[in-house]
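Below is a structure I'd like to ask you about.
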Amino acid sequence: MSGKEVSREKRNTFLYLREKIGFKAPPKELQERLKEQNEIKKKILEALKTGPKTVPEIAKETGIDTYTIFWYLMTYLRYKQIEPVEKTDEGYWKYKWVGGR
Amino acid sequence: MVRTNPNLIREIKKLGAFDITACYSCGECTAICPLSENNFELPRMMIRYSILGLEDKLLSSPQLWLCYYCGECSESCPRDADPGALMMAARRYSIIKYSLGGIARIFYSKIMSIVSLIVLSIIAGLGIYLFKESLDLTRFDPFSLLSYEFIHTAGLVLAVYIAVIALLQGIKMYNYIKHSALEGNLPAGTKVKNLIKSFFIVLFREALAEQRYSKCERQSRYVAHLAIFWGFILLFIATTLDYLKNSNILGLRESYEILKAIDIEIFGVLARIIGIIGGLIGVYGSIYFIYKRLIKDDVYSEYSHASDWVFLVLIFLVILTGFLIDIFIYTNMFLLAYAMFAAHLIFAFDLIVTAPFTKFAHFGYRLIAVWFYEYQKLKISK
Amino acid sequence: MAKRIGVYVCHCGGNISDTVDVEKVVEAIKNYPGVVVAKHFMFMCADAGQKMIEEDIKKYNLDGVVVASCSPKLHEMTFRNCVARAGLNPYLFYHVNIREDVSWAHSDNPEEATKKAIRHVKAGIEYVRHAKPLEKIKVKTIPSVLIIGGGIAGIRAALDLSRMGVNVFLVEKSPFLGGRTAQIWKVFPTGETGKEIVRRLIEELKKRDNIAVYTNAEIESFSGFLGNFTVKIKVYPRYIVKKHPRITEAIKKCPIEVPNEFDYGLTKRKAIYIPYEGAYPDLPVIDMKHCNKCGECVKILGDAVDFNQQPQTITLNVGAVIVATGFDAYEPKEGEFGYKKFQNVITLPQFERILDISNNEEKIMFNGKEVKSIAFIYCVGSRQIPTGPEKVNEYCSRYCCSVTTHLNAELFKKFKDLTIYNIYRDIRTYGKYETYYEEAGRKGAVFIRYDPNDPPQVCAEGDKLLVTVRDLLTNREEIEIPVDLVVLVTGMVARENKKLEDILKLPIGRDGFYQEIHPKLRPVETNIAGILIAGTCQGPRNIQETLASASAAAAKAASIVLRETIELEPLVAFVDPSKCNLSKLCMKECPVNAIQEKEYEGLGVKAWVNEALCIGCGACVAVCPTEAIQLKTLSTDQIRAMIKAMAEEI
Amino acid sequence: MNKLACDVVVIGGGIAGIQASLDLANMNYKVILLDSGPSIGGKMILLSKTFPTLDCASCIATPRMAESTHHPNIKILTYLQIVSIDKHDSSFEIKILKKPRYVDESKCIGCGRCSEVCPVEVPNEYEGGLVPRKAIYIPFPNSLPNVALIDKENCIKCGACERVCPVKAIDRNQKQEEVLIEAKAVIIATGIDLIDYSKKIEYGGGKYVNVLSSYQFERILNATHPYGHILRPSDGKIPRNIGYVLCVGSRDLNWGVKYCSAVCCMYSIKHAIMALHHLHDAEITIYYMDIRTYGKGFEEFYNRAVKEGVKFVRGKVAKIEEDPETKDLFVYLENFDTGKVEIRRHDLVVLAVGIVPTINDSALFKAKLNVYGFIERKLIDVDPASTSIDGIFVAGTAAGPMDIPDTITSASAAAMKAALYIERKG
């Protein structure tokens, strides 16, 4: 599907939903959380794109705590967008971005 | 090789460690205890000694006296076995065993302790009655109730009595715990040095500040305990000062110029101030514990032995009557003041005469144990 | 006739297609001999996928189907049913696993994975090419069940089956029912006596008219297969043929006294006896090993005694067998913790008997003296540590900790001023039994932990005993414990029953107990279809667990015998009599005795496979020198063709 | 309202419920199997391997699950709530409320495309919250039915899933649905949950990220590793030194339960062996009071762990503290081998959390519960499947803590009793 097609379909879905169930915006809290999530993910992604990194390395670069980074990294792993490539002496894996985008 | 004795735990249970046999030896109490240290682990080993009936082991454990019953062990005990109560009961047991001829046993039986207190009170009352002077009802003069000589002699006799018994019982305790106390290959000089050093550590950190108690999580108990102790000390000082004001010990005042120069009244003022402070904190401390033992809102107050009540109530009464004397003096109710003075003397007499055998004694035993402990620590650190 | 084969490769929503290039697979086998149609699809198991296969079978007139997808465990049945719906014999279908075996295993190497998938699919095509239509095997069942062992497990299973309308034959080796449970003083959690529990079960048993009880009986021979076994049992005589009002008197008169095995020799019984009041059947038995036929009892009982009674052999036909033969108590070696060296060292079962016998007394009496202090030593005969080549009981006997801590509590309840020491390794009061441990402790029982490498020593001190032990809970302090009685908490051991094991070919585990087929999912079944195990013959357990396993075995037995016929998958071997030279090698190899000799018309005696017994293991195929014996679902030709296809260059 | 009828209703689709259903179905009774969750399989399907044989849980549970879905005598209903259970003279009436999945069960093929595109990430409860899942998700890889559902709380209605669904299965108009089932007997197999271990403040469970529950560790060890490897949550480091605390909540009157949870010793040893196989040079220490390896082959398993190098230290852990820098942990205990109080450092600490019954609504079940909330077994010493109500039977861990073999046995026993109750021949 080309980008244009995707956006057209998105629009169609939206219209369809509005017609079918009467679109209600999701709760504000949820939206905000999502925004925050996306921001974190963006930062992680940026860090990863410059080469394979360990969790502490990403933390150092992004300033986000290691626990949060690790949590989100594991989603990427689930959908095979990253893969562990090498073990460091300190006992961390370097993760490499393979997910495109 | 030691032999088990099923009767020990039965005895200790009678003294307040009701549920301790539920203990399944997990060690949580020992690991959570803020006072537990290497080589001085408590309280689980004390539980084992009690349950197995290893009496000698129990009586020779200074750990018994290193415990302040913060209650954290009892609070976290997964079997609700109340290890803190065991420590308490085992201390009671030790007081009995360390006492001369086991006489302390009397004061750990509800009926016997009350009977003996009544007897002692009667003796004290009789003494006051027999030796009373003619009361000067126009003002409050303690010596118009009992002569200076009488109080002096009685005080001296009591002091000697306490000292002798404390010494004998202290030696008895020492004989139990000494097995490793002074051994080891330290040169004699170092030994003495360490002994003196640890003595001062004990005096300042433990006796005066109860520093170890402050490690407990609940600071309010520590404060109250310290309050009772310092209340008592201050009241003792106040009483002494007051006594000094009214007396002329061995005619010292006449013999020395410096002493003559001191305004004798300052003693009285000092005694008042110190007495009021001491009385107030003493009352706070004793009321705190009495209240806690009444409402039983935490594990360590849940169970109270008769001996705890007697001790607390006596302290409270001594302080209360002390206060009342002053109140009656200021309100010019001198007859009542004399009556209070008599009561004060009686309660104080009860407290002091029984001190080596009741809960009071824990002060002395604890100091010996802590001395031993500090000494050992010095030895290890060397 | 050349087969027309359809091949279907599944993406499994990316599970497969992410690694395996499914299009390439289809491309590679499209022109493979026999393949008429080859397709790939996102989800073959989805309705759309299944419909596609069905339509293709009709459209292309397929007579063979290969699906390459996930594990056959998951969807083989799905596709078999799908193929059958289209009118094709379901055994003309083969399921190739390219998910677990290929894509998941080789996700790091898609190229080789694709090649491997192609090889596997080709092998699947070869399988189908050589496959023959098969039918399920139908076996008629006999609606009755044989239960071996008359303890509570046997009785419980018998009652359950009987109430389901199944005829039950309950065979017990000893002269009375009730087994070990009747010997127990108090049973947790109710505190009832063991006899009481047995009595309640027996009361129910007496009401049933479709349970035949054979006591004093043994299995003589066993043959047949799932749903239809033939068992011969031998019933030994009681020598008492009917009830008589003066039986108690007769027993009293008997001059012979022998140790009573019911009380582990603690008491004596007569040659004519009932082990305890209320034992079932309530007919005494004469122990001919000891009876001297003095005739004292005959004088009283008259023709109720029949010394000429002979053993009887009875043939039973049953659909299933439940083995519930129970356990033996571990018998400590002489000198083990002072056992048999000192009179007052006894085992837990003996102690239970002492308590039971003196149930009405206010003191525990042993050898005429009051017992005021007891030491229990745990793990005697269980959790043994191997020291030499000799086999030891490495396992934990499971029930003893709960029983003993419960006993502690019961003793404290009943007797005053008792001192109890428990010298243990680990207290294993799992589940709710933990409360017994707690209660015992709270009531004052002392627990001392010993190191199995430094076990407690028992020696005498006057007429008392002295147990010396290093207590792991007290800094390994060496402790002396003076006690009146030492009770060895003995575990359960597998019962000696060689004859029965040989007759039934029962599988035996390393611990000596009977082995279930799968310890988790099939805990009451054995690898012999139709033979079930229940209770402690399978491993140590307590009464509740024994009863549950008995009911579970009954459920399994019921689901076998309540159906008129059983359908079995045709995963069995068959003999081509023309090739067979009767080497009998297959018979020797067969683990389930499914191969017998049979007269074939015109060919003479050859080997023959009893399909109901065969488990399709293929052991016989491997040893047959003439390839006369084959598996129906996987012939040697098929295997060869599959290997050849796999080995082909791609 | 939909009406269904059957011989036996089995409540709870864990391995006990599945086993009881299969046994009854094989005896030719019609069974309806209910599970409140979106998939059957219960706790067992989520385990990694099973003791003492170390065969993988899903390898042995999945075929059973599949068998029960394909069995002509079994009907499975999932994702529902039980409203009431009423007993009439000879039958039971069970009212249930089927919750909407917002995905058409009959259409969905479980491809997982929808969750791949869903932008919302929330903690995955099936992975113990260690990793995220999406707002539309398939519970776990082997779930049955293998269909997606939408977590309405977290869905932002972006429509991404509807766009990619190849079979157009998403149906936002689904409403909850009441179903009335008539049955002749009921089997309760509601299973267990973990004790809320955050109540033990001294252990810092839920506060210290490297203090895991045994369930979380089980997931980490699972073949479908949420982390891909054995790593610790605070920073993804490979743990070199794992501490394992037994009896967390079990045998603890203070904050937990009085009973022993019966399975923790074994699963902990299993975890230790598995972890040791993965992390060859790691040090694994199990802190215990009594090792309770009581079942068939269990003691042998324990001995094997000792031989393979798992350290066993006797002593109950009193508290755990976190190093705020490294997030390493310190455990405090009295070590019985030395008789000393020790503070030991670990990269990762696992709490062997005990188990509690899932059901606590005795009003709903009407069967009597014991003091611990498990179903009370009435005639325990002659009939361990019975409850206080005739016709209701109990299977598996709803009656008390037990391991898988005992659960299976008790489920078969309950099936037997239910069948007997329906037949009532004498």
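Letters are used for the chains, namely A, B, C and D, taken in the order the chains are written, and counting of residues starts over at 1 for each.
The definition used in the following text is that contacts are C-beta pairs under 8 Å (C-beta built on N, C-alpha and C of every residue); 3 or more make two chains touch, one makes a residue touch a chain.
Just so it is clear, the model here is predicted, and its values are computed rather than measured.
Counted by C-beta pairs in contact, the busier of A-D and B-D is A-D. Nearest to the global CA centroid, when each chain is reduced to the mean of its CA atoms, is chain D. One inter-chain figure worth recording: chain C and chain D are separated by 27 Å, centre to centre, where each centre is the mean of the chain's CA atoms. We define each chain's centre as the mean of its Cα atoms; on that basis chain B and chain D are separated by 56 Å.
Mean C-alpha position of chain B lies 68 Å from that of chain C.
Within chain D, contacts with two or more other chains are made by residues 251, 314, 336, 339.
Residues of chain B in contact with two or more other chains: 24-25, 45, 79.
Shared interface positions of chain A, defined as residues touching 2 or more other chains, are absent. Pairwise, the chains that touch each other are A-D, B-C, B-D, C-D. Touching chain B in their complex are the following residues of chain D: 202, 247, 251-254, 256, 289, 314-319, 332-336, 339-341. Across the interface of their complex, chain B is touched by residues 373, 419, 421, 427, 437-438, 441-449, 468, 471, 473-475, 477-482 of chain C.
Those residues of chain B that touch chain C in the complex are listed here as 1-4, 6, 9, 19, 21-25, 45, 48-49, 51-52, 54, 57, 79. Interface residues of chain C, counted against chain D in their complex, comprise 13-14, 42-43, 45-46, 48, 73-74, 77-78, 156, 160, 162-165, 187, 189-190, 192, 197, 200-201, 207-208, 382-383, 394-396, 398, 401, 426-435, 438, 472-473, 475, 509-511, 513, 518-524, 538-539, 543-545, 547-556, 558-559, 562-563. Residues 24-32, 36-39, 41, 44-45, 75-80 of chain B are the ones touching chain D in the complex.
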